[in-house]
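There are two complexes below, and they share chain A, which is joined by chain B in the first and by chain C in the second.
Take a look at the complex of A and B:
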């Protein structure tokens, strides 16, 4: 029933001036790059706008009017989290009747402050379908919403005044602090849910439920830009102190009170958790650069150190909600893609977080729950039996000459696409042609040229795909250097109930193979140098000659003829 | 589950009480008072005129076969169990006695106020199970929550009448909590170990019990009078019986549960309509 919610916020604490504007601008930037908000917006567009048509403003309370119009579609007009769109969402929209709010500045079990509620209305919940409303609703509307939300729960009527915690100031980060934090990550057993490297793949992750008995994911700590409540070290510290009510994430306040961990150590833990994610949230690179490797061989393994030397592009994925059966709960929400080539072969390495190597029996119950929740109203039932993890890299069959590319959802009859298909229950990869979602057919075995190797460790897949840049086959794509070649990606987490059209998808991006530096590249400058040099010498020589002649001429009057 | 009328009255009264006193107030179940005030309350029961209830919980038919708990992921806990640990939802002995049934006086004590015991009750986590699995406590009485396993447990209490909590206990340690209002029952779970569940019955008076391994329970030193006794089981729901207590005598009562009752009654509190002061009108508008 109830789910993801709310708040963090301007508090009466001594945090650095992290006020609303600071947090908001930070999130504004991250929203721009995170895929889930895009997905959330799409879901909202699908369900909410239609539901928001009513609204006779005027005599009625501003909070109610605003709520019924913009919030009720998901949270339900009675605040019970049972809006018309709710069943398409996981986490489910918050049920306000129990006044359980995830993001607070108050102790576990306490009511949130008004500022806490307002903050989440403003910035949203990045890893859910809850958008921020700061730029969509007026200040008065958002304030009125805070008051109206509170009327859904009698807990706000009891006269209890929520007290914001004084969180103090963040300690300074250092290597020693991070080491201490890592030790505390072990000691506090954060890995039980979040996994050894924070990718949400801990031993208990597959059994977690929220307060509405819906399956809930342990946060992937390597993606702090998607943290509900914010990804700064201060935000993380607050979550550790207060817990996220309504979720399995407990408060560590009692652990501090009991002297098991000091506040300083808790800050170190927060710093360590922050360090698991990149310094900055990834931007979206439209172009994946395949670097040219000239004096070394292409990598032969997924963990070849050569991969550390090339750039990484982040490709966000969203649920496939265009073709039925649609998929509203994609597990794979982003890929880290690298590429290189040596003039003969193209190698691509793709990494993504996935808590299990599907099919994993430990996740069978999770899968059943997800399918039960997300699939029933979406056409054909999902694939029966064990489902693997899958990844597809897609190109057009030919490099388009103009701007037109095949339909990104695996092409269509007129304009097919060419794919590299990999799945976790088979070795290697398959080249295929597709003319629409679900129509892929493998190329003849004689024309199969792509090779694949994959490794799964600590909640992460690493997949390497290699193929000659050009092949004999007429059915595939011959890559060329120096051109932006469209590429798109599809991913499935089998243990999350994903197969067929129940997939995570990207739009078209580009891969750009750096131009080979052919002999002319080296000769041209030399030639240019030589030509310039000889021309220079010529000019100088002639000038000198003319000078000498001139001198003669000038010094000596021309002979009379 | 809350059938509207009673609840509304109780809620209205409760809200009124808050408005007047600013704190405290009665819960909806278990009658009796609350713990809100610190003011000392004398035990109103005269032992000389009191009577007792002796009861038993019978299980009819074949109980479902018990589910084992796979504790492989926590060898420290697994080693604490001499035999394979079992889920404690249905525990029936050879004579058909059903354990872990919470029994309490639901009606008949409304006019009396009882002192809150100073002695805390203990909810222990030992061997990755809650001990006890079902626990009774008075509103406002301290509960010592103890981790005897020395590994991470979280204690996630999700009441509906009270405010809940979700705390971490990653080492051997103790924490104290209490519930302000009567509530039957408050579910408690450990998210790290999905099999760990406990239920806490919070009532406004001291007349509650949990049936033992033989299915028996006692409610002693009750003022003479007519009572409604409720028996709650996590799988089989609730039952009530009317019992008359006479001075110096022990009334007997037997509750009978069977597998056919599984899931028939939602045993835990449900969310309450937030707009019970005017929700009908609001809904009609929409």
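Take a look at the complex of A and C:
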């Protein structure tokens, strides 16, 4: 029985839902049935499997059984990081035989503490394929995993037990601290990899390799929720002190020891790095609100200050892994989208981090490396020659009347989509129709109505697209106000080897063009106020009148009239 | 405090507040006491209960003549007493303001995504066209369960899962892969007792082979990011990954025997 418990451990856990599909789950139980009889074969299989995986697993084998079952697929059953999924991932899974751990509380070059290993097992590593296992594995299983991981390397168990550094407490943040931090950012030459504004676009960014000779990205410091080791100022300070072993990110302990920078200044640097990212990680809005501009002109440039006054929606993008050839290493992982309209035209501004203006010769080697690692798995080879950055905004060709919409991945034969296509090697944008990924055709030039302007600066694209709300053309979408209109996004980073179906994609979102506020919105509350107020006056007036009459005829209570 | 609680009006207010707290926050804690799952009380139900409570209070205060006049007295005095002019004025302004604000909140335009309904497990077809040949789903069992070693099928299925399914459905098979948040609807959790544990292996085969594009309209095929895996995998590959899904989660598939007992379809 013990065996079955061990094997079944994780399934007993309650897994947190991700949200967004609440309604679906309530309507989804078409096949609801009562308790099923136990399926004998499966139980027998489970027993056989268990016997195969770990023999009669005792407590000491719990680590191996758990590891083989849940970790070996990526990290390999021998702990060498060469699991069956490894080549679909970048960064590659950790090779435990090297005992090189990025996220530690110990000095650079030292082994991690048990608590360090356990911490990463629990919470995972953001922006990599390593998930947190806190809700999936039991406490005992995770503890056993720590012990088991250490058996892959002969470095553990020799000499002293690694000691965690005392990092002290964070200094208080202030304008002066941030200015100091910014100076240290220059002095410590963080910009060389991370770029002047922290978007991972420094001059050396295209040449970075980890200890396994795999290309590695300099972290985009404006997205602290994606930092491998956590995004708090304390996390950042720890990474600065200990470095990320196995990556080009060094430890700054030696500079502190040499007296070049004080510990306090290192805290200031951590505060500055933290300040490059927003206060909170963005939530995902399903609806992009296009605000109505009534007494001003729509912006004509990408950096018009009018854009600062409208809300921003974050749209996450993921790799296109639905049709062949697939893409498991998208560079653009999210877009910041804004929209406004003046009743005549719709303007949309989209910003995203991208370390280069493709095609950039400095990134040619990087591109070749990425293609070599990630592309040859299936399908046609990537486009030869220079590849630009691209962005597509997609709508249905007509606003859906029912629930049905075109297939989000660029439509299908039956139901086409309408797109705005922009690319970094051409000016303007093109309106097109698509009936499936890779089938887009431009609308006739007489019907082209979308205009685009784009600017690239400091590792960021800013793109503005404008189009009249309605047009003469029958092949495009006529927008309407006061209605949620499906919209989806696609992005390519040419210097990351992306072209064709090797892209970053989103599912359907919505854009909502605000309507002029109808008079009802103001009249209804006024009317409610007037009616309630008069009723109140009436009731009070009558009560007072009866009271006065009651005073006159004191012997007869008014109730008995 | 005690003085107010002896008065019928004070008592009514106390009952009203207690009832609200109980309905809104208290009831949620009751089902877990007997081992049932719990959920917040919908606001429409809260409203309904509160109306019932108010009617109950009125029945109670008006049941006895003396209590009724005591109940009314403070309100009556606010309306007529010369020394309560201030309170009267405040009430006459504040109440209409409150009503106006509630009205404004109701009529102002709100921006929200259209509600979408989709069936997670739409009825499967009796047969499908799989890689150019007809495959009858009704009564179809996983052929790998009666062929070769289940251990090997599990290992093959594991490799296929890790190379193809992991990004969305996740290492824990809980639908929490690293691409999961990029898609709407989010990927299915196989750990959930409402998914593969409710299905026969033939239905799972159909869903894997045909993916999102192969869903009937009630399944909202235009939103699903599930690929049609018949373009990538062989028949045995798909059966092997199905073995893996059940073994790794510890669920058992629904069998055709179960269907028969219920009359099937």
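To be clear about the criterion, the second predicted complex is superposed on the first by the 455 of 561 C-alpha atoms of A that agree within 3 Å, B and C clash if a C-alpha of one lies under 4 Å from a C-alpha of the other, contacts with A are read in each partner's own complex, and residues count from 1 in each chain.
What we mean here is this: a residue touches a chain if its C-beta (ideal position, glycine included) is under 8 Å from a C-beta of that chain, and two chains touch if they have at least 3 such contacts.
These figures come from a predicted structure and were not determined experimentally.
Asks: First (chain B), second (chain C), both or neither: which does A:69 touch?
Replies: Second partner only.
Asks: Comparing chain B against chain C, which has contacts with more of the residues in chain A?
Replies: C
Asks: For A:208 in the superposed arrangement: first (chain B), second (chain C), both or neither?
Replies: After superposition on chain A, A:208 lies in contact with chain B alone.
Asks: Would you check which partner chain A:366 touches, where first means chain B only, second means chain C only, and both and neither mean what they say?
Replies: neither
Asks: Of the two partner chains, chain B (first) and chain C (second), which one does A:189 touch, if any: first, second, both, or neither?
Replies: In the superposition, A:189 contacts chain B only.
Asks: Which of the residues in chain B end up touching chain A in this complex?
Replies: 11, 15, 18-19, 22-23, 25, 73, 151-152, 154-158, 160, 163-171, 173-175, 191-194, 271-276, 279, 282-283, 286
Asks: Residue numbers of chain A touching chain B in their complex, please.
Replies: 1, 68, 77-80, 95-98, 100, 108-111, 151-155, 157-159, 187-189, 192-193, 203-204, 207-209, 211, 243, 245, 247-255, 257-258, 260
Asks: Across the complex, what residues on chain A touch chain C?
Replies: For chain A paired with chain C, touching residues are 7-8, 10-11, 13, 15, 17-21, 23-25, 27-33, 36-39, 41-43, 45-46, 48-49, 52, 69-70, 73-74, 83-85, 88, 128-129, 131, 133, 135-136, 284, 286-287, 289, 316-319, 321-324, 328, 403-409, 412, 415, 482, 484, 505-508, 510, 512, 514-515, 517-518, 520-521, 524-530, 532-533, 536-537, 539-540, 543-544, 547, 559.
Asks: Show which residues of chain C lie in contact with chain A when the two form their complex.
Replies: Per the stated touch rule, the residues are 69, 76, 79-80, 88, 91-93, 95-97, 99-104, 106-109, 111-123, 145, 150-151, 154, 158-159, 161-163, 166-168, 170-172, 174-186, 189, 191-192, 194, 197-199, 212-213, 217, 220-223, 225-227, 231-232, 243, 246-255, 257-258, 262.
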